[in-house]
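Note that chain A is present in both complexes that follow, paired respectively with chain B and with chain C.
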Partner chain A sequence: MLAEMPNLVPILLSGMQATLILALSTILIGTCVGTVLGCLAVWGGAIIRILLYALVTIARGVPLVVQVFAVFFVLPVYGIQFSAMTSAAIALSVFASLTIMEIVRAGIKAVSHEQYQAALSLGFSFRDALMSIVFPQALRIMIPGLVNQGVFLVKATSVVSLFGVTEFMFVAKEQIERTLLGFEIMAVVWIMYTLICFPLTQLGRTLEARLNVRGAAQAAS
Partner chain B sequence: MIEVRELKKSFGERVILDQVSLTVPQGTVCGILGPSGSGKSTLLRCVNFLESFEAGEIIIDGEPVGYRSVEGRREPLPRKTIARMRSQCCMVFQQFNLFAHMTALENVSIALIKVRKMPKRSALEAAEGLLGKVGLTHRKDAYPAFLSGGEQQRVAIARALAMQPKVLLLDEVTSALDPERSAEVLDVIADLSREGMTMMMVTHQVHFAREICNQIIFMDGGVIVERGDSSMITDPSSDRLKSFLRHLRLV
Partner chain C sequence: MGDYFFHFAPVWRELPAIQDALFQTVLVAVTSILLASIIGTAAAIASANGGRRWELAVVVYVETMRNSPSLVKMYFIFYGLPSLGLFPSPFWSGVIALALHNGAYVCEIMRGGLAAVNRTQAQAAMSLGFGFTQTQTIIVLPQAIRHALPPLTNTWVEIVKDTSLTSALSVRELFYVMTALVSSTLRSFEILIVFAAIYFVLTTLLATSMRVMELRAKWR
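Our next item is the complex of A and B:
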C-alpha cells in the first residue's frame, strides 16, 4: 500500500499547479476588483450601491457550486464559451470580488467619518484623504476578514473539480478510483491544503501584529 | 476677515440656520454661545464648508466659501478651490479627531506634506516647532491613544496651525475635557488670541469667552438672538440669554 505512495505523490502534485494558479488568480483579481467595488459601495450613487448590494446578496446566498455551474453551463447557452480552467477562474473571481467588496466596504465604514472630515478640514483632496487617512486605518480592520476570505477561496477551488477541471482535488479523486487508496490519498490532500493555507494565516497574523503596535491608537477616539 | 451674510441652512423641513449674518474683523475673536441644537456648530461647519448651505454667503478674506455665482446662478466652487479655502480656515473639533494611525508629529506634519506639498524633512521640522509651541515636544512620538485628552487637543490645534490658516475655527474644543485639561487647552487659545489670530469659537466656557472674545454672539433656534461685546455676559438684555446664563448659574 505504502509502496504506491512514491509514485502517487508526483501525480497528486501535478494537480496542485492548477489549484495554486486558480487560488492565486482568484485572490488577486478578487482583491483588486473587490477594493474598487468596495469604494463604489461606499461612495457610489444610490443605483450603484443598490445594484452591488443585490449582487453580493446573490453571491453570498447562492451556493458556490451553483454559481460555478452557471458559468460552466449557462453562459455557453448564450454562446459564451471558455476553457474549463478559465470558466473556473471567472466563477471564483466573481464570487471573490463580491465577498471582498463587503469586507472592504465594512472596513472603510468602520473608520469614523470624523477622521475623513478632519482631513478635509485641513484641505486634503478626496484622494489624499482616502490614501493617507482612511485606507491605512481601514486596512487594519480588514485584515482578519481578508485572510479568512483568502483561506476560504483556496479551499473553494476544490469545488471546480466537480466540473472536470484537473486541479488537486480532481486528480486525487481520479487516483482514489484507480488505486482504491482512499484513506492514504485523502490524508495527503488534507496535509497539502493545510500547508497552502498555513502561510496565509501566518501572514495575516504578522500583519495584524505589526499594524497593532502602531495602532494601539484605535482605542483613542 | 470673515463675513457671513444671511446664511440659511436646513435639513429637510428643519431650519438649522436662518438669516445668520455676522462679521469677524481680522485679529479678533468671536465667541458663539447657545444651547445644544441652536445651530452654532453647524455655523462653524458651514464656514469650513464641511456643510453645504442653501442661501446666503460666507466670505473669508474677500473670497467666497463654497459657492460662486455664474451668470446669476449659484453653483458650487471647484473642488480644488474648496480644498484651498478649507486649508486657510482650519477647524479644531470637540472630539479632537487626531489621525489614529499616526504619531503626534505625523499628525501635525501630514497636511504640510499632502496639502502644502512641503518636503518631508522641512514639514517635520515645522511640526516639531508647532508641538513646541503647544508644549508637547516630549510627546511627539506618541500615538493619540497614549495622549491625554488635553494633549490630544493641543496636538489638534498644532495640526490646524501648521497650515498657517487665516482663521481658526474652534468647535467646543474643551467640552470633552475635565477642568484641568481644558485649562491647558484654553491657555494655548489665549496665547493665540494675543498673537492676533482671528478665531471663531463655539464654547460653553462662558468665563473664558468673556476673557478673550472681542465679540459674543448668542444663538438659539438657528437665529442670532443677541450680540455684543463681552459685557453681554454680565449684562444680558434678552430674556432668552438671561435664562441661558441663569442655567449656567452665572447671573
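Our next item is the complex of A and C:
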C-alpha cells in the first residue's frame, strides 16, 4: 500500500482534474443554456412550452446513463464523431440545461406577475422589466437550487466512467484492477469527492437559509 | 431520421431476456427503497430523540453519504470490502450502496417531516401511557410521513433510476442487458427507445401512484 502511494496519488489527482473540468464545463453550459430555455419556457408560447416540458419530463424519468448512452451511440449513426470526453460533456450538458431550465422557470414564476405588469405600466420596456425587476428577484429564489444542482452534477459526472471516459471513477477502477488495492483507493476517492462537494453543499444550505424568501421553498423543491 | 429503417423484430425476439432484466431492476429498486427508507427513518428518529451524540453521528452519516456519487459506495463495497475478508455479491453491493446513499436523503426528508409534527402530539401520547416505540410508530411517524410524502417520492424515483448504475457491478438489470443487446443485435436506436420507454414507465408509474396516495391520505 505505502509503496504504491507515490505512483497512485498523481494518477488519481489527474482523474480528479478531468472530473472537475467535465463538471465545470457542464455547469457552465448548463447554466447558460438553461437560463435561455427557462425564459423560453415562460415567454416562448404554448408550443415551445409543451415541447420543453416533454423534454424535461423525459430527462427526469429516464436514468442518466441511458441518456449518455443515447449520445454515445446514436450520434455516430448520423456520422457525427466526437471524442469520448466531448460526447460525455454534451450528454451531461443537455441534462444540466434541462434541469436548470426548470429551476430558472420556477424562479421566474415565483416572482409575482403583478411586479412585471407594474414595471410595464411604469414605462419599463420588456427588457428593462426583466433585467431590473424580474431577474433580481428570481435570482434570489434560484441560487440555492442552482448550487444544489451543481453538487448533483459534480456527482453525476461519475456515470460517464461506464462509457470509458477517463475521469475520476474510471481512473480509480483502472488502478484497482492494476494494484488490487480496492479498499485504499476507494477510500481516497470517497474522501476526495467529499472534499469537493462538502463545501458546496454547505454553501447551498447557508444560501437557502440566508436568501429564504416567500415562495423560495416551493421553487427549490 | 433520413434513410434509417426501424426494425423492431430483433428487439421483440429478446423479450424473455428483457423480462428477466426488468424483474432484476424491480428487485434491486424495491429492496433498495425499503432499506433506504428504514435506514433514513431510523436515523431521523435517532437524531431527533437520541441526544447530542446521536445527532452528531447522523450528521456525519448524512454528509459522508451525500457528498459523493453512489457509484463510489458501490465500488467501495464491491472492490474494497474483500480486503477485510467480506465478499458481497454484486446484487447486495449495489443494493446496500443505493440504500446507504439514498438513506441520507430520506433521513433529511424525514427530519423535516418529524419537525413538522407538533411536539405536543408525542407528549400527549406519552402522558396517555404509550411507550417510546409506540409513540413514534403509532402517533408521530404516520403524521411525519404525510408531510414527507412529496419529496420522498422524488428520492424513490431517484433510486429507481440509480439501479441502472448496478450494471457497473455486472448485475443483470435493464441497462446491463440493454448494452449487451446493442452489441449483439446492433439495433441501437430501437433498443434505446424500448429501454428508455421501460424506465420511463417505471418511474412515471411510481411517481403517479405516490401522488394518488398523497391525495388519498386524509388531510385535516
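Rule of thumb we're sticking to: the second predicted complex is superposed on the first by the 198 of 221 C-alpha atoms of A that agree within 3 Å, B and C clash if a C-alpha of one lies under 4 Å from a C-alpha of the other, contacts with A are read in each partner's own complex, and residues count from 1 in each chain.
The criterion applied here is as follows: contacts are C-beta pairs under 8 Å (C-beta built on N, C-alpha and C of every residue); 3 or more make two chains touch, one makes a residue touch a chain.
Predicted, not measured: the structure shown is a model, and the values here were computed from it.
Q: Taking the superposition on A as described, I'd like to know which of chain B and chain C A:Ala118 touches: first, second, both or neither.
A: The first partner, chain B, only.
Q: Have a look at where A:Lys155 lands relative to chain B and chain C in the superposition and call it first, second, both or neither.
A: second
Q: After superposition on the shared chain, which partner residues are touched by A:Val66: those of chain B (first), chain C (second), both, or neither?
A: Touch partner of A:Val66: chain C, not chain B.
Q: Figure out whether A:Ala172 sits in contact with chain B (first) or chain C (second), or with both, or with neither.
A: Touch partner of A:Ala172: chain C, not chain B.
Q: Between chain C and chain B, which one touches more residues of chain A when both complexes sit on the common chain A?
A: Of chain B and chain C, the partner in contact with more residues of chain A is C.
Q: Which of the two partners, first being chain B and second being chain C, lies in contact with A:Trp43: first, second, both, or neither?
A: neither
Q: Kindly classify A:Ala187 by the partners it touches after superposition: chain B alone (first), chain C alone (second), both, or neither?
A: Touch partner of A:Ala187: chain C, not chain B.
Q: So which positions on chain A get touched by both chain B and chain C?
A: In the superposed arrangement, which is not itself an observed complex, chain A uses residues 221 for both chain B and chain C.
Q: Contact residues on chain A for chain B in the complex?
A: Going by the criterion above, the answer is residues 112, 114-115, 117-126, 128, 132-133, 136-137, 140, 214-221.
Q: Give every residue of chain C touching chain A within the complex, in rising order.
A: 4, 63-64, 66-69, 71-73, 75-76, 78-84, 150-151, 157, 161-165, 167-168, 175, 178-179, 182, 188-189, 192, 195-196, 199-200, 203-204
Q: Where on chain B is chain A touching in the complex?
A: The contact residues of chain B facing chain A are 48, 50, 79-80, 83-84, 86-88, 90-91, 93, 95-101, 110-111, 114-115, 143-147, 152, 159-160, 163.
Q: With touch defined as at the start, can you tell me which chain A residues reach chain C in the complex?
A: Contact set of chain A toward chain C: 58, 60-66, 69-70, 73-74, 77, 151, 155-156, 158-159, 161-162, 169, 172-173, 176, 181-187, 189-190, 193-194, 196-198, 201, 221.
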